[in-house]
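The following blocks contain the structures, represented as structure tokens.
In the two complexes that follow, chain A is the common piece, with chain B as its partner first and chain C second.
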Partner chain A sequence: MQSHSPLNFAGADSPAGHDRRAIGFGGVVSPLVGEMAGRPEGAFIGRSATVLSCTNNFTPSLLLVPSMPRRLLGLLLVLPALGVIALLFILPLVMSAIGAFQLDGGWGLGNFTKSIDLYAKDIVFTLGIVSLSTALIGAGAIAIGGYLTLGAHPVAVSILRFLYRWPMFIPFIVVGQILRTFLAKNGMMNNTAVSLGLMTPLDAMSFLDWRGIVIAFVWKQTPFVALLVAGAMASVNREGIEAAVNLGASRLRILFEIIVPQVITTLSVGLILSFVTMMSVLSVPLMINAQSPTMLTADIAFRVNAYGDYGVANALGLISLLLASSVAWIYLKISMKERA
Partner chain B sequence: MGAFRPSLSVLWWVPRGIIFGLMAFFIFGPLFNMLLWTVTEKWYFPHALPLEYGFSAWKRVFEPRGGALESLGNSLVVAVLTVAVSLALAVPAGYALARLKLPLRSLILLAFLIPQAFPNLTVYVNVARIFYEIGLNGTIAGVVLVHVSHGLVYAVWIATAAFSAIDVELEQAARSIGAGAFRAFRDITLPLAAPGLLASAIFVFLESLDEFTGSYFVGAPDVNMLPLLLYTAGSGGNYQVASITALLLLVPSLIFMLIVERFLKADVLSRVGR
Partner chain C sequence: MSGAGFLELDRVATGYGATQVMKDIDLSIGSGEFVALLGSSGCGKTTLLRVLAGFVAPTSGHVRVRQKDVTTLPPDKRGMALVFQSYALWPHMTVAQNIGYGLKLKGMGSAEIGSRVSAMQSMLGLDGLGDRKPGALSGGQRQRVALGRALVIDPQILLLDEPLSNLDARIRLTVRHELRALQQRLGITAVHVTHDREEAMVMADRIVILDAGRIAQQGRPEEVFNRPATSFVAAFMGAENLLHLQVAVDGSDVVITPGQAQAAGRVPLFGRSLVSGAVEARFRPEAARLYPLHAMPEAGPGLSLVGEVLSVTYPGGAWRHVVRLGDRDVLADAPRAHAAGETVNVFVPHEALFLFNRPANAAGSSISGPESRKAFA
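Presenting the complex of A and B:
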């Protein structure tokens, strides 16, 4: 720790009772914001800035912590990134929401009644597939993360650590392609089962329907959530776990009563990211199961490509938007409650 | 009792072996299947393995009219530019979200999730309409912008986590011995956050390489990308070309998978999304 001595007089030894985070930034902001606001720096000292006296003579005797300008600088730093989202996503999203109500001769709900008439089954199908996949991904991620954290045998743990991550970075379109050849009636899965004598070629069936989509989603997304969850589990305090072990608690109980509650935020972030990703993936349903019933993304692409029917496509987009945003809303409520 | 222990712990390898064996089959089976297809000349039902092997599909893919080289080049250029633009936006934003008290902080964090949270198909249709008006449709820049909007959630969330995992006092120490604000950021905070930022760059890069929908509506047919080539070949039933393209997309993914854990430490991971 070379930085130990300056660290001490700047942070720990300075008078208590002020926001430490503010110190590092105090001097940065005030000149900058002072210039921007077109007034001399000194004007800030008496007004919005908090004046901190420092015990050490090495440092400038005044550290300025203006609270409003710091917020302004923060917003300025975030603004370009937010702007990209606003222009490239929210604006077209609003356009598609408006387009959903646009009919040939004016405005109305015609696109929605048509969507429900034609695709009600696909809406239920999509929600069912994505929910089932999310549940399986969550279970898989907890199992993998739990074994990596609590596994008794170091060799078994390192085998699992080596195995589980492979599908994570494989692009969805590649997942669709390789699982299409793997799960087909004459694919490698059935061929292996036949050559092991587990079944006859006549029993072989294709998994290229809703099961294929679920398998593809779980295959691709479980490692991602497991990586997040395992990382969070690794930073859980070991003392509580060891105390529970000493008291004779089973590892399953330790996992569900001590570890999972502590990583629930990370787990839900991972699952929500997966949920919304699966809601928007076009390539997997197109490549694995494009027949009816299929997922909404395939329907939207079909409406646009085959009929140029932007009205119904936009309405279907708005429907899946509502499904996805209800999940994001749940996350928001949970995280708000946690911070409160 | 003592004599049973060793044999019992050896017995544990039976369920472990079955589970790990099944996992390995379901993870590597599809990948192995794809590798077989890349060198297949002839393969039909009910044969478990190809009847003839050869590299004629590789020759077809890489000859000038095959389009693979053009698609590969476009995909790489777009991915690198997407990473550059995303990081340029995400580093200041992540720093602000980690260190400065922002009003509505969790709403701002959530805003970056929007492109991942909403079905982007209809959005890209409308983006293509806007881009057509301003002449960005069918250009590399247009595709990069679409990919940036999609990858920003990884860039911003991981950058935020990386910055908030750094001890504030290190920065304060640099400031108190006279470093300017920018210098403290450049010499202390940025190097410490670099592994996390590199991890976010990897996520953005792969997200761009993977992206299919946006490239299709904004890029095609002027800007050909690898996923597009894969999709066309696959739906045309040409599994050899599709598998070779899939392999080209896979290699960077697997390399990054092997190195990403070095950059994405537990202290950063546990802060993602907070």
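Presenting the complex of A and C:
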């Protein structure tokens, strides 16, 4: 469905889609790094060859010659990767971005004003849902990671360790489907509550609106962030935790004053990646909340499928790209700081 | 050092799963006493400290502070503060925050925390470092921050888990004395875990030597050093030269049967509880005296041996010789070097000669392996 959208960056809908993007990003960086690293290496080989030739009386040209093709060889090796990225990633992205400014009679911001007029509410809705989900995912991941790290009951810890990862392996579309049957007015949740006598059928209401989307996102993404956070928490110095116990800190204080500050980088990275993933999910809003307001991904698909209106779809895509990049910028800042 | 029984361990035993780590530990520590728990890796000394601190529950036995049973109390209710081997400083907090965290947990006001923390910083020579993170400190400074964090809550008992093992050798020597002086100034009771014999000797009022989860011997440093109770303790305290002899107890003397390398000899029993038969003889390299063959002066009772010098090195202070005595090599120091190949007399005066009856299953002891050797290096 989303494959109709020319803005593929915002339409990827499966965990695999998220991975593909990550690989693509790494792919952009590594050939460049490789190229840059290749240059001084080549130069160094050239220099060392000269030194060798002075001391050992070799013919310099014999040793210098292989270093020149090696440099070219390096370029040749990264060329296919560069080409794939340029053709399949950069070019469509640039085309979509250009398309966002393309109007019937030339260039302008028409698509954007139309997008804002029609979908301002959806932009706020999307941002609100994704931000709320991110906050809840963070809380859930800290709770799970914290219990795995500090839990005193070994059986409960191992059960949680076994269970919490499962949602990661379920595609978004299946999550949407499961929750649709679960959260509907006459769905399993309400039926169970009614049969338990917790409420009457008259009180039953559907959760298939923004709440359903938030539940789906949190259910699906918490394990991913919890996995990262629990790993980071496991590598926090145990003696540091014991030192706090020794001074009389409660487990809650240890979690929030000792452990979380030490894994805050990992937590932020996990949440940012989740934020960007959720920005790009199409199936969940379509399955759970096929009404207005809805998320930008559904609007993009609608513009393309119903109207063939690529201009507004591109503009909406660019807007969601801007929203996603604002958090990606934080991610880059963190990774720069880590590398420094 | 008054008030013995301030901190008491009563038949404490513990283990992980089916593995018994410690058996029947009885220990009584006086108020203000500095006790070193000394032993090689895996002997249970850190486990014992963790039982005291409340991180490990003993499978049986009791821990008492001032006659009050604290065995089941949580770590913070025991009046003890633990300094960890890795220092366990919190990397996201500044020095002042690290030191003040215990006070914050007690609900103290920030003004008072500030004044107590800065007093602690001055006492430990950390002035001006309050705003730094632990990552920006040297090893010695980190160690002092860890100490400050433990001391600022005014614990009755300070537990130290190899606190000096991560320091440079040179800094370690000064920190030993600083730590000891601080402990005496504060009059605090300290239990110090270490595998470093010298560290235990210079710091502690009393040394408790642990071997395979049991107390092998305890006493003042000079007692443990000069009158080791077992072959293990003797080896741990540096008497690594080991010979197997046959002796006969004759009244208040021990008669040494001559053998491949040793001459007949007679040494006073000197309070040893020996019976006639096979014994292990141990002595320190620095206690031995080396003479050229047949040039040995007449010198009191002791063990005289004949051997060949295999090699000679100079570790500083004296020349250290490897001497082959029959089928065994021993180390012996001398003020002058004897050349390799020279046949020499080795004399061990009786007060530096440690004799122990060999256990029934005398297939060597756990101390002569290369594993334990490492611990004294």
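Convention: the second predicted complex is superposed on the first by the 249 of 340 C-alpha atoms of A that agree within 3 Å, B and C clash if a C-alpha of one lies under 4 Å from a C-alpha of the other, contacts with A are read in each partner's own complex, and residues count from 1 in each chain.
Basically, contacts are C-beta pairs under 8 Å (C-beta built on N, C-alpha and C of every residue); 3 or more make two chains touch, one makes a residue touch a chain.
Computed from a predicted model, the values in this text were never measured in an experiment.
Peer 1: Name the contact category of A:Asn237: first (chain B only), second (chain C only), both, or neither.
Peer 2: second
Peer 1: Quick check on the superposed pair: does A:Ile258 touch chain B, chain C, both, or neither? Answer first, second, both or neither.
Peer 2: Touch partner of A:Ile258: chain C, not chain B.
Peer 1: For A:Ala193 in the superposed arrangement: first (chain B), second (chain C), both or neither?
Peer 2: neither
Peer 1: Examine A:Leu150 and indicate which partner it touches, taking first as chain B and second as chain C; both and neither are also allowed.
Peer 2: neither
Peer 1: Which holds for A:Ile116: it touches chain B only (first), chain C only (second), both, or neither?
Peer 2: Once the two structures are laid over each other on A, A:Ile116 reaches no partner at all.
Peer 1: A:Pro201 in the overlay: touching chain B, chain C, both, or neither? Say first, second, both or neither.
Peer 2: So A:Pro201 only meets chain B here.
Peer 1: Using the touch definition from the top, say if A:Ile334 reaches chain B (first), chain C (second), both or neither.
Peer 2: neither
Peer 1: Would you sort A:Leu132 into first (chain B), second (chain C), both or neither based on which partner it touches?
Peer 2: In the superposition, A:Leu132 contacts neither chain B nor chain C.
Peer 1: Between chain B and chain C, which makes contact with more of the residues in chain A?
Peer 2: Touched residues of chain A are more numerous for B.
Peer 1: So which positions on chain A get touched by both chain B and chain C?
Peer 2: none
Peer 1: Can you check the complex and tell me which residues of chain A touch chain C?
Peer 2: 237, 239-240, 242-249, 253, 257-258, 261-262, 264
Peer 1: If you look only at chain B, which of its residues touch chain A in the complex?
Peer 2: 9, 12-13, 16, 20, 23-34, 37, 44-46, 48, 89-90, 92-93, 95-97, 99-103, 106, 108, 110-127, 129-130, 145-146, 148-149, 152-153, 156, 168-177, 181-182, 184, 206, 209-210, 212-213, 227, 230-231, 234-235, 239, 242-243, 246, 249-250, 253-254, 256-257, 260-261, 264-270, 272-274
Peer 1: Chain B touches which residues of chain A in the complex?
Peer 2: Within the complex, chain A touches chain B at residues 3, 6-7, 9-12, 20-21, 23-25, 27-29, 56, 58-59, 67, 70-71, 73-75, 77-78, 80-82, 84-85, 88-93, 95-96, 99, 153, 156, 159-160, 163-174, 176-182, 185-189, 191-192, 194-195, 201, 219, 227-228, 231-232, 234-235, 263, 265-266, 269, 272-273, 276-277, 279-280, 282-283, 286-287, 296-297, 300-301, 304, 310, 313-314, 316-318, 320-321, 324-325, 328, 332, 335-336, 339.
Peer 1: Would you pull the chain C residues touching chain A in the complex into a rising list?
Peer 2: Contacts found on chain C: 53, 55, 74-77, 80-82, 84-86, 88-93, 101-102, 105-106, 149, 153.
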